[in-house]
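In the two complexes that follow, chain A is the common piece, with chain B as its partner first and chain C second.
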Partner chain A sequence: MQGYLWFAAKRFIQLLAVIFFGVSAMFVVTYLSPIDPVEQVLGRLSARSNLSPEAIAATRLALTEMFGTDQPVLTQYVNFWSRLLRGDLGASLMAFPTPAMELVLRAMPWTLGLLLTSTAITFVVGNLAGGLAGYFQNSRLLKAFGIVTMGLQPIPYYIVAFIILIVFGYLWPVLPISGGFAMDVRPGWTLPFILSVLQHSLLPALSLVLVGLGGWFIGMRALVSNIVTEDYVTYAELAGVRRDTIVGDYVIRNALVPQVTALAMVIGGVFSGTVITEQVFNYPGMGSLLVDAVNAGDYSTVLAVCTISIAAVALAIFIVDLLHPLLDPRVRAE
Partner chain B sequence: MFAVLRDLIRYNAEFTIGLILVGIVAIFAALSFFSPVDPTQIYLAIPDQPPSAQYWFGTNSRGQDLFWQLSAAFKNSLIFGITVAVLSRIISIAVGLAAGYLGGWVDRVLMFINDIFVAVPIFPILVLFYFVLRNHMDSFTMALIMACFGWPFDARLIRSVALGLKHREFTRHAVFAGMSTRKVLLEEHLPYVMPIVFSTFMNNMLWSIGMEVTLAVLGFTNINNPTIGTVLYWANSHSAMVVGVWWWVLIPVILIVITFVGLFLLAVSMNEYIDPRSRLRRMGA
Partner chain C sequence: MDRRSFLLGTAVGALTVAANGLAFAQDAGGTAPDLAQFPRNETVIVHNPEGIIRNPSWFNLWAVGAGNGTSNGLHNLTTDTLWFIDPDAGIEGASENAVYNSLADDLWQYNADFTEMSVKLKQGIFWSDGVEFTADDVVFTVEKQKATPGTPYNGAFSAQVAEVTAPDKYSVHFKLNAPNSRFHALFSVRWTAAWIMPKHVYEKVEDILTYDANPPVSIGPYTLHSFDPNGTWYIWQKREDWQRTALGMIAEPKPKFVIYRNNITTDNRLIEIRNGNLDMVHDLTPEGTFAVVKDDPQIQGWFPGFPYAHPDPTLPMIIFNHQNEKFQDKRVRWALALMLDARAMSMASYRGAATLSAISVPPTGTHPRDYHAPLQDFLINYEVDTGTRKIKPYDPNIGLQIADMVRPQFGDAVPTDEAAVRNAFGYGWWKQDVAAAEELLTAAGFTKNGNQWMMPNGEPFAFELMVPQEGVINRLGVMIAQMWSQAGVQATAQVDSDPWGRQRVGNYETNIAWAVETWGGHPDLSFFLDSYHSAYVAKPGESQPDRNWMRWTDPRLDTIIENIRKIDFNDPKGIEYGHEFVKLHLEEMPNIPIMAYNVFSIQSNRFWTGWPNAENPYANPVTNWSNGRYIFTQISPVAG
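Right after this comes the complex of A and B.
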């Protein structure tokens, strides 16, 4: 148990380091950029409406104060952190005066739901199929499954999502291709709403699952086909241990350990995929919010989405890492 | 080197197919050096012409000959991918070999930094870069940023190989013979990790070109520079599928799939080449 706590503590320090580094990198990017956020916001504002010179000057002053761009770097950096820790990144420009953080928190459940379910499905199906394909190497069905998923795997998310959109939007319109839920359903914990949400999430989730399957399949098949040749598997077979026990407890469990490590490593990449998927399917999550915010020149919201996503990805990796020792007793012992 | 290549082509169908697919795309991209039209200019041809003898891939709604447009796009994207791969390979080789050979606190510090880079999602950071740089963000800047984030996976792989090399006889000989650390790493250890470097090179190109497509489709790059992603961006913004200019979408998508499957097969077969057991099985030994 003490070993586990030590392990968890080390991982926790790493989590803090990742968030610290990511957020600092964001600060450096925004600080070093040749573009002044104040002037940018001002440009956006005055492009849409006629403002008197006095109003512009007043707005500039207010914005400078809000972003704190007139202070020395270190003060700005400290201010940035203190505002971040208080969860206050200023008002959003697109949906003035809603705080940017509130927009992010509103969009987060959509992205989390989509990301978690599709990652879970991908991981389970890909590893199960890959494990079986590694053990039963002559199965035609599993071979065909492998070829299809491997063919899809290297293709960029966008292309797969787009092909799905064309197939289900134009050729065979059976599923909704846009939005998070049907227009005529009132949000709430009611059955029609939940059904509508599920129905709308099918296509975005499908595109994420299709792209993700191949990687797990290939990895697991390679791992299992190595493990199958080990002596203990042959011994178990000769000793008459049941087939499903061998496959499940002896082979796949052992092969799963590196796969869980890999799961922690791909979460960041899956997040980029969700952004694109949300954009293609017009899903009301953080990805769509990010794209809208960039297009609207909404400084606070862009920063808020970036911070939250870095922290969320780091947290997800941390949780997967904590689950790791439960699967592999060797990590606990170290 | 050539013997290795010959064996790979003879015994490994995946490598051969991958090589052919990537070769087709590379030749197609190289044609753009002889392009008779400037791919950044618009309205040089009649818009919306379907594929014909004159315009092999048709023309798009912006009045560009798609053949030369795509050729330039693939050239730019491949150059982008190669730039990212080369730069990030340099970082990962340096970090991986140093961490594996030197060990101790150097290893711990480098791997700590490594794990941080693995965990930071690059997409929000790239979007942030675009957001602050806007049109100052050219493809070389983007390649630099992506190279800074594309090394950690492979550095870890290289480190694990270097860890094994450290205790081998020849390393000790080299040290006793008075070779400097830098020389040991570059002349003795580097050749052993080269297969990994080649295989991860392809994977890294897949990753960076895919990321570029993602960003460009959203309009988050310099959209006037023809790349795979910006071709799709313009097709989208002219609603090519809806108005029936299907060749504007279909032909790029087919070419992208060829590129990605080709690079992927090369990476996979390289991986198998690294593992001698699977190579022997394939050669029937």
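Right after this comes the complex of A and C.
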């Protein structure tokens, strides 16, 4: 037990280091961005009005002071960390003075809801089908499933998404193609709201699942194809162990360890959102928030999204590291 | 707990947290509307081109950079100011020379030297909370913004207004810091202007920059009904007392509800208008428009047939950086213009649906009447000295040729009447004349090495043409770079994600954008021309005020601008000065004007009809302009 605690402590220190260096690197990257948030606001303001050059210059001065972009980079860096340690990521510069974290928290549940669900579906279905296809290599049904998923896999995601949009939005318009929920539903823990969210998430989720299945399927099938030739599987079959026990407990379980590691990386990555899905289906989420923030030079919001994303990936890896001994007895023994 | 239970419990817990967050994050919204309340004969649904509104519950338009929606109905339906100047003709009887008196009861009155301006206000206008609009609101608007950095007109009012007073309840008097015959433009809406603040609301707010104004007090005929906490739709409801608003005094706005939907991609809005879920779409791609008008006869564009699009009072052009020595000789700029084929540019960018303009005035609104038609003979006879000979580069029939090119594909949708063709495709453009271009370059000291032009300093004539990431302007820029390359100039189209930012600081060689925007319905050119004065040209690397992105300076230009400043906005002499500017521009060719920024705005006649179009151009149909509000007084429901 002491060894496990020491292992966990080392991993925890590693986690903190990854977060610190990752966030610091992001700070440098956003600082180096050529996009000036003041000029972005000014551009929007002056492009459509009839402001004199003197008026624009005066507004530039006022905004620079408000946004604090005139401070030295080191001061900004120290201020950023001192705020971050208090849980404050500063005011968004594209929605000033709203806290950047408020923007992130508004978008995050949509991203998590959509991506965690679709990732869970693709992981379970893809691995299960891949595991069975690797074991029952002569099954026609599983072969057909493999052809379909592997056929969809190389198609660029946006093509699949647009086909779904046209089929279910235009040719057979049975599902909503825009937004997170209907206009006539009050948000909250009510059945109409939940049903509306589910209805609106069907097309985006379907597009993600269709494209995402192939990777898990191929990976799992390859892993299982190797494992079925192992001596202990042959021995179990000869010993008359039940087929479902062999497939579930001996084969798929052993093949699952690398897949779970990959899952951790994917789950960590969902915090960045999926830009194309959000754009095609006008779905709210973190991806479009990040793009908007980059384009607006809103480094507070960029840093907020990236900090959460970095922390999520690092945390996911940390959790998987801790879970490995629970999943794999060989790791536990080591 | 065994391992399986632990893993299952963790997964369920994570999903619960996520779902709970989803519900929690939505609590900021207003009351949920019941769609049954919005019968389509009472509800107009408008596409707003804004993306996701990042600060959806913010309705204070007097704080800069707050991330709120603007054209989500807020500045279309709830705001008002002294005057509106329509980009098109304006409603007959309600406007004169495209100018509407909105909160003002009459036009601006200046003293002789334009150092003071007086305004009479309309009586009987009320804010949506029942408080009467008076001169105190106007005075407060100016004084509050003057005193508050971070408000949109802080700089303008600080620089220009010495004093503002209210001699009586319905009169306002301004004393200016310097003569300014266009001061009223600050209160004249083209796309937006200085909106009047409700004094009784904002005088009680300690820091107006942190005040969200939710719900907003409206001086327009609509108030907020509800909105999406994720920032993708807003619903506005007609006030019971809509007659007590400036718009209501023109006519009753017909829809009881107006829904603005934003963050809808091009493909989605194409499908949504086809499915009856939108009545007005801000813009589509040319191809999308051609497809949907063919598919649905109830959908209309600005023109009844090809090219369908509405020409905005904006003029996409090739902008040379005059602070770059490669482009300081006007013969070089003219040579580059003569290397271009207008037909190829029109086809590449708009698939032929472009409205060309050879002069530096957009071919839209009333400008063809005031500029393009009267200057047609001048252009036909205009001569350019190539150093070898004199040529007449203008081709008055290029629009007709493009119409002939697209006719095989679009058939009867393409007009045949010559006047209609000129209106839709433009009055003409420069003939592609590579031989003349070569003569001009040779006269400017350039030499040719094989197919490569060399500059007088012996280096290859090579430069970058900055283009946006996508859209018609991107396609236009790529085609231009290709034509220059074919003519021996190493032009490279460079895609940039922030072309306006680079343009502002002069970090480019050539650029496709626009340095000309006009009122549209009024011939005065000061909207863009005043900022062309040499006093405003920044040093290389410094931020250049809008809109002289070329950083062009010329004492003759300064004289024209100063002459315009000395006359009244409606003085007919303004058109004469405008013609002088056009002629000076032709002589110098500081940029190469190409075509109007055509916006493929479409409307559906399925539920509502009476939309503006080229035959009845009473308003601009492009949905994010706040003067689109006048449309709601002119449309009527198809059923009941």
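Just so we're on the same page, the second predicted complex is superposed on the first by the 257 of 334 C-alpha atoms of A that agree within 3 Å, B and C clash if a C-alpha of one lies under 4 Å from a C-alpha of the other, contacts with A are read in each partner's own complex, and residues count from 1 in each chain.
The definition used in the following text is that a contact is a pair of C-beta atoms (placed from the backbone, for glycine too) under 8 Å apart; a residue touches a chain by one contact, two chains touch by 3 or more.
Bear in mind that the values here come from a model prediction, so they are computed numbers and not experimental data.
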item	value
A:Ile147 touches, of chain B and chain C: first, second, both or neither?	neither
First, second, both or neither for A:Val28, with chain B first and chain C second	neither
Which superposed partner A:Gln279 touches (first chain B, second chain C, both, neither)	both
Which superposed partner A:Tyr170 touches (first chain B, second chain C, both, neither)	both
Partner chain(s) touched by A:Leu290 [first = chain B, second = chain C, both, neither]	first
First, second, both or neither for A:Val313, with chain B first and chain C second	first
Partner with the higher number of touched chain A residues, chain C or chain B	C
First (chain B), second (chain C), both or neither touched by A:Leu198	neither
First (chain B), second (chain C), both or neither touched by A:Arg106	second
First, second, both or neither for A:Met265, with chain B first and chain C second	first
Doubly contacted residues of chain A, that is, touched by chain B and again by chain C	34-35, 162, 166, 170, 279, 295
Residue numbers on chain A that touch chain C, as the complex places them	34-37, 39-41, 43-63, 65-66, 92-98, 103, 105-106, 108-110, 112-113, 116-117, 120, 162, 165-166, 169-170, 173, 177-180, 182-189, 193, 197, 279-282, 284, 288-289, 292, 295, 323, 326-327
List of chain C residues in touch with chain A within their complex	3, 6-7, 11, 14-15, 18-19, 21-29, 31-36, 51-52, 54-55, 58, 63-68, 149-150, 152-156, 158-160, 182, 185-186, 188, 190-193, 209-210, 228-230, 232-233, 235, 259, 261, 263-265, 267-268, 271-272, 274-275, 497-498, 500-501, 504, 527, 530-531, 536, 543, 545-546
Residues of chain A that touch chain B when the two form their complex	14, 17-18, 21-22, 25-26, 29-30, 33-35, 150-151, 153-159, 162-163, 166, 170, 218, 265, 268-269, 271-272, 275-276, 279, 290-291, 294-295, 299, 302-303, 305-306, 309-310, 313-314, 317
Of all residues in chain B, those that touch chain A in their complex	112, 115-116, 118-125, 127-134, 136, 153, 206, 209-211, 213-214, 217-220, 232, 241, 249, 253, 256-257, 260-261, 263-264, 268
